[in-house]
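Several structures are given next for inspection.
Two complexes, one shared chain (chain A), two partners (chain B, chain C).
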Partner chain A sequence: MSVSAFTERIRSLAQHHDTAASEDAYAALRRHGFSAFERLSIPTPRHEEWKYTNVTSIFDGTLVIGATDAAQRPATSGAEITRALGADVIVLHVQNGRLQQDEHSVIEGVDLYDLRAGATTDDLQFLASIAKVDDHPFVALNTAVHDSTVVIHLHRNVHLERPIHVVCSADTTTSTQLHAPRVLVVAESGSSALIVESHHTVGEHAAVCVPVTEVVVQAGAHLQHVKIVADEGQGKHVGYTAATVARDATYASHVACLAGAFTRNDLVVQLIEPSASAILNGVSVLHGSEMADNHTVVDHRAPHCRSEELYKGVYDDRSVGVFNGKIFVQPHAQKTEAYQSSHALLLSDRARMNAKPQLEIWADDVKCSHGATTGQLNEEAVFYMQARGIDRAAAKALMTYAFAAEVVERFPHEGLRSLLEQHIAQKLEVSR
Partner chain B sequence: MSEVPDSQHVLDDVVQREYQYGFSSDIEQELLEKGLSEDTVRFISAKKQEPEWMLEWRLEAFRTWQRMKEPTWPNVTYPVIDFQDIIYWAAPKKKEGPASLDEVDPELLATFEKLGIPLDEQKMLTGVAVDAVLDSVSVKTTFQEALKKVGVIFCPMSEAIQEHPDLVRRYLGSVVPVGDNFYAALNSAVFSDGSFVYIPKGVRCPMELSTYFRINARNTGQFERTLIIADEGSYVSYLEGCTAPQRDENQLHAAVVELVAHQDAEIKYSTVQNWYPGDAEGKGGIYNFVTKRGICEGARSKISWTQVETGSAVTWKYPSCVLKGDHSIGEFYSVAVTNHYQQADTGTKMIHIGKNTRSRIVSKGISAGRSQNSYRGLVRMNATATNGWNYSQCDSLLIGDQCGAHTFPYLETANSTATVEHEATTSKIGEDMLFYCNQRGIDTEAAVALIVNGYARDVINQLPMEFAVEAQKLLAISLEGSVG
Partner chain C sequence: MTPILEITNLHASIDGTEILKGINLTIQPGEVHAVMGPNGSGKSTLASVLAGREEYTVTEGTVVFHGHDLLDMSPEDRAREGLFLAFQYPVEIPGVSTANFLKSAVNAQRAHRGLSPLEPAEFLALMKERMALVEMNPAFLQRSLNEGFSGGEKKRNEIFQMAMLEPTLAILDETDSGLDIDALRIVANGVNAQRTPHNGMIVITHYQRLLNYIVPDVVHVLWNGRIVRTGGKDLALTLEERGYDWIKTESSVEA
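Entry: the complex of A and B
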């Protein structure tokens, strides 16, 4: 049970890959991942970015790395989300890190395929161009051990009406799993789509998921990206999402952490050309000993960009919430507008919340603000409802629900919203 | 109609402005050779004729320091400090203990006179007692007699070690332990002087107490130690000011300030920090690495920190409050101004332990030139801090497009009844605001001073009157007109 045993396994895997290595670009990328991981290693809480979240406990030498060919059982929670997205949803099943589809399909101007070693497509250029292998230990780890990349490529001016659901799951019936799904989304100029990514595990053994999603939003494109971590199983999640947003384009990220023993999301959005915009919404509703850590970075690298961020969390029992939101405004990114707010509600004396909103600004003509609160429901509002005949427990439940629902209201897709609202209502009911 | 000076012109004007307190005095001084070892520590202790326990305490601190590493986490950059290249002891030569002012070196008196701190009690504003510290030693403490009548002890630290050893032994290092951090350990080993204040039970200190720190000698470091104890139901307001001559090399200032407030006591600690900030090219200036912490030991006690930071090449300080007593209150009001190549990483820590503890943080950062200004703050609500309450506001004002403003607030909550609120904004002086003032006949320079003073008003209002006036002038000097 130690990080060193885990690192040793990765090292032996790297040696195995080395002997089998070809001159293929994909093999080179993986080798790069191995060497970066060797250097960065699993961070300890002494590392500023991992101060409140100890990941060392979830990585040990017993994790089985790499996809197994055993028949996989689908996750019921994944199917539920698929249903909520309606009849015309396009579903991509990624099991133990590999897309369950061999052929390259093209649906309504969207390329959907599995990018593997030996492939020669133009999309190779985007791979690892946004999520930097050398900067982040888990991008390095994913790059080192991932098997292939799920590519969703929207062609110029394609407005995809049908939502895409990427279901990432692991079956741990026979053994523990480390799985590393990798997704690349390229939205060419003027295109638009809704992509929903969800993570699940089935089986009794532990699973650790280290997904990386890279998103390229080109000029004038509009991309909605929903990520749901609702793992009722043994899964632990350490995910990384990175996006670049070009001129006049919009990237909207919506993250929901509704269950899961251990969830860490890193989200990095770079606004690289003028008038790009970003929307970041996040909601966590936790109980028991669940933990959710959201680290977000909005990097304003060009003038006249705008970002708006809202993260909220409700924590009961012994659950722990972490929020770190960075806003960078680089020199010359004048006329930037960047707003961030994060709010947390603690329902129990053993629940904890650690927040670190952070502004770093190198340009003077900007409008930036952040606000962060941690506390309880407004007693006056509760009293107002009591005075109107709603009992105290019901009043508080209603307000707690409304607190979380404010974020969900900003999510895209009617069906998805009602599913999430239903989940939150149920969870708060159980909590009471 | 006369033409309004354009902003670039005004900016140039400010860049060329000289540091007002940059003169150095020609005082005959006794200097120890450069270098730091156990012998240095022994020398300082012997020089001050300290008792054995004090030497032991220093040596333990020195050994602790040797095992520690210099912190690298603050958001500042500066060349590696060679701790062997610093003079740890510099004192004006003097005859045996000047009993009256007549025996103090007239050059020394003139120095403080020039700084606006006359040490002659007749000349002073009544109501402010001053302890003047030049380099390593305290030169003169005024109004000691008057204070003694009400039982207040206000004296140099070295005198307190001799005359009030029980108090010093009980409290020294109780708030900032020897091994707290790298610079606190260094200070514990080599501190030379500083002020000691004890306010007895139920006494409201009849005048403002003040210490004025002056670095004069070349190549020296200043390591002063201040300890303020407010016993049950007492009140004291304490002011601290500092300046240094203009020199090309960097000088280190590593102080430790400890405050202890017992039940129902209140300590108000104000600082106007105006160390030499270096020239327009970023050459020279003081490294100000200071540990300040207060503990609200008893119920209903209160500690309030107010700081106006305009000087120093690099500042690294976090005046903190440990709110241990139930219903205790901590406050932090700060204006930090950086210009040219100055760097400041400053903020506060509010540690809520007791029930119904409250804290308020108001931080105003102003960056101009090529400076970097960071706010770093921690608010922690322990599980025991039932009904704890905190409100933080940190605003940044940017003047020019080559400076940076950063905020690093840490908000840790482990109690469901506690409330933590934090707000931060970043903005610049709007063209519309300046235009509005110009239109009404206020020139750009005066308009900027007006706007900056308005922006910093929440903090300036917390200062005692004499200091508020000085702080307002300082802000105007540091910034007026520097609009890009």
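Entry: the complex of A and C
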């Protein structure tokens, strides 16, 4: 089965939806998604943005699209993360792309609900306003096939103390799955929250997840957004996250790729008003034939904004890492401060890393820097530790762990940090 | 009495170049041996071969450590058996705190000897006590190992580690280099505090200065991969006065 068979499936779904067409705004959005996907299609490695990550191999005509009725919630999947977030965590389960909650709930000034066809809330205005349907094949695909949108709307000046955990999982016990979770976060002015999004698969069949998360951070709001891909199952992940950050607001993204055969994350952050800031942290720890590709864009569209990005990856065996980090500084974005660094540690001769920083600076009064390194463990340091009685494997694990932990230390939430540290330590076989 | 260390006719090379050309050296319990010699004579090579650095190939000779074949052991086992090398250039290890590093090292040694790991409180108290020997601030424990330490701080840290691991044979490779006179005295005091009738030391130095503080029982002069002179502590003073050229001339005549 091939990409063309897959595209054909999407087309027939689109025709089905066309006959069922309504004047509803949500249905119109999905039709828009279908037509954009028809035009953009699944990108091949000839496409610059998909050069190192061949997505054509994971989309085929056998994927079952839009089956939302499986709904045996995996008992363990994501539960560990939920537990780490403490007793007062608010959990939203998104199963095969649909929120497992019918009612619209309001918790401590936060609206939590599923935005579907027929809905008429004000949040419709934000939908697809940041993740542009016509620009990105997987935003188009998600828009075309997604079931509904999970909305997390923080009202003005609400400081949510309770973390929110969005657990996206697929149950592939009976068939393969293409699932398209969609999340919209609106943080009104002066609000703050921590949202943790994690992705999981259970079941024997293949799953492909094409999630889209849109985040609107309004003036003076502070949003911490953690994304964890730790898929020990059959899941493959092609995700897209976009955020706009307004005056004096902060968006902090923390991405951890700790397991998964195939992970691609696109992250686009636009600083649209003066004194907005962005933090982008990323950590990947891979082995076997795992792959993680992080494409990030920080777009400085206003003066006096600041962004700081740190991505680190550890690659063992035949695993592959890709980092592409773009920074744009628009002509009027004077006094921009933009810093980026990406570091890869290769633990095996067969592991590979492709890193590409890309800075496009059109303003003259800016402070920007970037640095990308790919290296191996310092043999001199390994010997130094051996000479103190630490065996070679333990010495390497200790140094590798320290390398990755530098990023994890920047993640929010004590419980979450220690869980991630424990995961990384286990994967690296560090005795602690 | 069994010697701590017995080196017999040791030859070692790196990348096909022979650096050590037949070293003989025996250290009895309680003895401090100084190894002196001009730059490039092979002092660090000898230390590296004893510590087990893989780049070097031993082509001939034997090294017996407490009755065991040292050359047969991995570097970590040598350390666990009581050999300690204070590095000429201590390595910076980002992200690994001095405390964590020492915990791994001490507990690896304890496990090797069938002992259980030390309790955290016990361990912390021990670290603080031993740091005081070299007048190191406990704040260093939380810093990444050697990262951003000054030259003197790195050398003191080496002697602190030695105090934690209580080796039976310590090899100090130019521990005096880069130290001002105050730091030199602190480091030397730290070393002297660890002299016992049961352990031995090899003090490698280019200058006689250190030996005013750490007074050796035996002084060897290493030149061109061989020990060309052995004497008492006065030999160091003679070298200070006359320089190494005197030895070089005499040795080439002999050779």
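Basically, the second predicted complex is superposed on the first by the 420 of 432 C-alpha atoms of A that agree within 3 Å, B and C clash if a C-alpha of one lies under 4 Å from a C-alpha of the other, contacts with A are read in each partner's own complex, and residues count from 1 in each chain.
The definition used in the following text is that a residue touches a chain if its C-beta (ideal position, glycine included) is under 8 Å from a C-beta of that chain, and two chains touch if they have at least 3 such contacts.
Here the structure is a predicted model, which is why all the values come from computation and not from measurement.
Peer 1: Output check: A:Phe403 vs chain B and chain C. Expected answer is one of first, second, both, neither. What do you get?
Peer 2: second
Peer 1: With both structures fitted on chain A, tell me whether chain B or chain C touches more of chain A's residues.
Peer 2: Of chain B and chain C, more residues of chain A lie in contact with B.
Peer 1: A:Ala394 in the overlay: touching chain B, chain C, both, or neither? Say first, second, both or neither.
Peer 2: Touch partner of A:Ala394: chain C, not chain B.
Peer 1: For A:Asp349, is the partner it touches chain B (first), chain C (second), both, or none of the two (neither)?
Peer 2: first
Peer 1: Return first, second, both or neither, reflecting whether A:Ser175 touches chain B, chain C, both chains, or no partner chain.
Peer 2: neither
Peer 1: For A:Lys367, select first, second, both or neither according to whether it touches chain B, chain C, the two together, or no partner.
Peer 2: In the superposed model, A:Lys367 contacts chain B only, not chain C.
Peer 1: After superposition on the shared chain, which partner residues are touched by A:Met385: those of chain B (first), chain C (second), both, or neither?
Peer 2: Once the two structures are laid over each other on A, A:Met385 reaches chain C alone.
Peer 1: Common interface residues of chain A with chain B and chain C?
Peer 2: none
Peer 1: Residues of chain B touching chain A in their complex?
Peer 2: 73, 381, 383, 396, 398-428, 484
Peer 1: Where on chain A is chain C touching in the complex?
Peer 2: Contact set of chain A toward chain C: 378, 380-381, 383-392, 394, 398-399, 401-403, 405-406.
Peer 1: For chain A, which residues are in contact with chain B within the complex?
Peer 2: Residue positions touching the partner: 48, 331-332, 334, 344, 346-376.
Peer 1: Which bits of chain C are touching chain A when the two form their complex?
Peer 2: Those in contact with chain A are residues 51-54, 74-76, 78-80, 84-85, 87, 90-96, 100-102, 104-106, 108-109, 112, 144, 161, 165.
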